[in-house]
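You will see subunit A twice below: alongside subunit B first, and alongside subunit C after that.
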Partner chain A sequence: MKPIAAVVAVLALMPIVLDLSAYSHNLLTLAFLMISGALAWNWMGGFVGQVSFGHAAMFGVGGFVAARVIIATSLPAPLAWIAGALVAGIAAIGAHPMLRLRGPYFSIATIGVGEASRFVFTYWEGFTGGASGLSLPIDADLKYQLYWWGLGLAGVVAAASLLLRRSTLGLQLLAIKADVDAAADVGVSATFYQDLIFCLSGAVVGLTGGLYASYFGYIEPSDLFGFDRSIGFVLMAVIGGVGTVLGPALGAVVFVLLRQYLVASYPQLYLGLYGLLLIVIILFEPLGLTGLGHRLWRQFRKVRR
Partner chain B sequence: MARFIDLAFAAVLRAGLYATMAYGLGLIYGVLRVVNLAHGGVIMAGAYLGWILFDRFALDPYLAIPIVLCATFLLGIGMYRVLVRHLPRGAAGGPASLLLLFGVWLVLRNIAYGLFTGDDRAIRTSYSTSAVNLFGSFLEVNRLAVLGVAVLVPVGLHLLLRRTYVGKAIRAVAQNADSCTLVGIDVDRIYTLTFGIGTALAGLAGLLSATLYSVNPSFGAQELLKSFVVVVLGGLGSIFGMGIAALILAIVEVFAIYVLPSYLTTAVGFVMLVIVLIVRPGGLFGQRVLG
Partner chain C sequence: MTALLAARGLSKHFGGLRALDGVDLELGAGEILGVIGPNGAGKTTLFSLMAGSLRPTAGEVLLDGEPVSGLPAHRVVRAGVVRTHQIVRPFPNLTVLENVTVAALHGKRRAQGTAKARAIEVLEFVGLADRAADLPGVLTLGGRKRVELARALATVPRVLLLDEVIAGINPAEAMALAALIRKIRDERKTAIVMIEHVMPAVMSLSDRVIVLDHGKKIAEGAPAEVVKDKQVLEAYLGVGNG
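Right, the complex of A and B next:
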């Protein structure tokens, strides 16, 4: 817990002490948002072991609800984000029947839900503005402050991940991941805990979506609900280490930086490079960067001895 | 009424293609217990291969079938030997195989993008637009040909699985791989072969699709989901069940035009997928192992 607080404190002071360029300031903000999203995805995909290819649905719902609240009312933005998170969390509870499914069945169903939501929300022009999207009122101060909002959210979500892993609930999730039936035999109901985690995970991803809407100031369904966005959460977690406590945070940072670089330099190649990265990680180091770190650390200790 | 008959014909013709797409996915899952997320990518690869053969070498798509089958068979064998074989088996392999094969799909998409750009391509033969008149409905010759192939595929697959020694081995491995090792079946070879056959069928489906629709590198995503609907609805591994399921999906999709705005008909497949998974995860006809 202390290292998280220390990192957050250092990052919070950074824009004040160092003279960050607007570019780095914004890139870091985006990284913070993605860290929260990736960590929340990992609660479901890593802790429970149910890989979701449809988290973009909650991201989009959170984003558009927040945007609508901001456009329609004069409420402060954080309240609008929370509204988005609540709706996204409630929408996630709607996935209850899906959570009976395990393994590949669940994953494929999430692809279906994610894609269906993209079609439906693109069609629902009254709410999302359809293909032309929504523009939010410009608020330069808010965009600057988003750095700290994003950082705060990332810090809270990281702390929550750590607490979750250490708590009884975390152990129950591990039991469900290892063997649903055995877990049920000792009184751990997969149905209830999966619903709970999916709801929490969805709410946090929805919250991230709300902040993202304020960050970009212009949102469209094909981006927020896009399949690439769902894949993004999966990739961040895989790069950092699926199921590790804080690996996905690292994965998110790498993902955001890599994406920024690749989109600028090799826009034609970046999907394929992500694919290669996925293949290499799954084959050689299923725990991603975290696993690699552990391995290097062991080697290092061996050498010293 | 005339419109109803038109739609009914359209549904049957579409069902043939859906079934062809689904067999490969169902076969691989039935035997290896691996969901081939790269299925959509292989469909796309088959479509592009057919297009190259037609565009560069003026080869008729139906004559190109053996070439596409062989090429995607080898692609599948390569995918199994180099990648899938090294995954952990059992529960731990579930998410890992999904993510790995998803990576393969992204790579295939990117290769197609690099080679053929993002433009839409389609195979347009001299008979693409000709049609025959049947009970007052005009049926495209090409769609009928696709249906013909789609009928031959399950017959061939059935004969392979039921009448040959290899087919017997494949079914045995699907039931219990460990016991197969005991009686001297090289399980890994059967896995390789099954993966190859499964991807070859996907390639064939892609080739057939390219004669009907235009294809670009992202082609295959919807096809994967529709295949999955068919596989789940039909019950894993039941060839007959998958055929019926394909027909159901096609009928629902085609007749959705009556009640839904056309833009949303695309989402019908996705919604159906989720409903089927929730309501009948064992398929309409219960679980059966290959036959």
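Right, the complex of A and C next:
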């Protein structure tokens, strides 16, 4: 817990002490948002072991609800973000029937639901502005401050991940992941805990979507609900280490940098490169950077001895 | 007096296969009931129905006169009936203590203290306290069977369904486990239904035995009587009409 607080403190002071360029400020803010999303995705995909390829749905719902609240009312942005998170969390409970599926079957179902939500929200022009999207009122101060809002959220979500993993709730999630029937035979209700975690995970991802909407000031369904956004959450977790407590945070940082580079250099190819990266990591180091780190550390200790 | 656990006309059909066909049984408080029968007789199906892993095609299971059949497994555990598996299924990525702690979070809350404290108490009871920090994979089969037992006991059951706990382990460990089963009944006031192929164990532990064959109950009674029953001998040895 202390290392998290220390890292957050250093990052919070950075723009004040150093003269951060607008480019770095932007990349860091994006990274903070993605860290929150990746860690929350990992509660479901890593702790419970149900890999979702549809988290963009909650990201989009949170983003558009927050945007609508900001446009329609004079409420402060944080309240609008929370409204988006609540609606996204409630929407996630709609995944209940899917959660009876396990493993690949669940993953395939989430692809379907994620894509369906993209179509629905693209055609629901009254709410999302359809293909032309929505513009939010310009607020340059807020955009600058979102660095700290994003950092705060990432810090809270990281702390929550750590607490969740150490709690008896986390223990039950691991039991469900290991053997769902054996867990039921000692009294663990897999349905209840999966619903609960999907709801929490969806709410946090929705909250991230709200901050994202405020940050960019302009949002469109094909971006927020896009399939590559869902893949993004999976990839961040896989890069950092699925199921590890904080690995996905590291994965999110790598992902944001990588994406920045790939989209600029290979706009036609970057989705294919994501796929390649997924395959390579899962083949050679299923625990991603966390696994790689452990492996190097063991080597290092062996050499020193 | 109503029985603690009772099955009435319990049946489970898989398509045309009658895995269990109209079985009645009663279990009194503090009793150990043995269930024997040839392979495929429906013993494990009987357990799955009583533990909520399967829904019966017909009939019902009553705990203290209240129906529990048709409830999902985790609700049956909360009501006070818990099973162990013939092939042990510990959570491989959790330590022995964590395995038992998960179970201690559920079931009837008779015992006091945190789930972890209750789990430690149960581990001491089954003789695994010194292995608490190990992963189940490093234990012997007998050890893993004890983990399975501890996990079931941590839910503070009123009825414990033991599926071949003693089978498949070395004689010394088998003796120790038999003693442990008796201790569970005597000290934890838990009624036990046990499926077992190891005859000396069933005969010495059980107060009463029922015999299943082809999904039907063919005999019931004291262990010594049941083994002399003509139908039982036929089911096991295939004695003809001679």
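The rule we apply is simple: the second predicted complex is superposed on the first by the 305 of 305 C-alpha atoms of A that agree within 3 Å, B and C clash if a C-alpha of one lies under 4 Å from a C-alpha of the other, contacts with A are read in each partner's own complex, and residues count from 1 in each chain.
The rule we apply is simple: contacts are C-beta pairs under 8 Å (C-beta built on N, C-alpha and C of every residue); 3 or more make two chains touch, one makes a residue touch a chain.
The structure displayed is predicted, hence computed values, not measured ones.
Judged by the touch definition given at the top, the superposed model places A:L174 against subunit C, while subunit B stays out of reach. In the superposition on chain A, A:R100 makes contact with subunit B only, not with subunit C.
In the superposed model, A:A182 makes contact with subunit C only, not with subunit B.
Of the two partner chains placed by the overlay, only subunit B lies in contact with A:I279; subunit C stays clear of it. Counting the residues of subunit A touched by each of subunit B and subunit C gives the higher count for B. By the touch criterion defined above, A:L257 lies against neither subunit B nor subunit C after alignment on the C-alpha atoms of chain A. Judged by the touch definition given at the top, the superposed model places A:G49 against subunit B, while subunit C stays out of reach.
When the two complexes are laid over each other on chain A, subunit A has residues 179 in contact with both subunit B and subunit C. Residues 51-53, 72-75, 77-78, 82-83, 85, 89-94, 98-99, 101-103, 105-107, 115, 151-152, 154-155 of subunit C are the ones that touch subunit A when the two sit in their complex. The residues of subunit B lying in touch with subunit A in their complex are 29, 35, 83, 86-87, 91, 94-96, 98-100, 102-111, 113-114, 221-222, 224-225, 228, 232, 261, 263-264, 266-267, 270-271, 273-274, 277-278, 281. Of all residues in subunit A, only 45, 49, 51, 53, 97-98, 100-101, 103-105, 107-109, 111-113, 115-116, 119-120, 123, 179, 227, 231, 234, 238, 242, 268-269, 271-279, 282-283, 286 touch subunit B in the complex they form. Listed in rising order, the residues of subunit A touching subunit C in the complex are 168, 171-172, 174-175, 177-179, 181-190.
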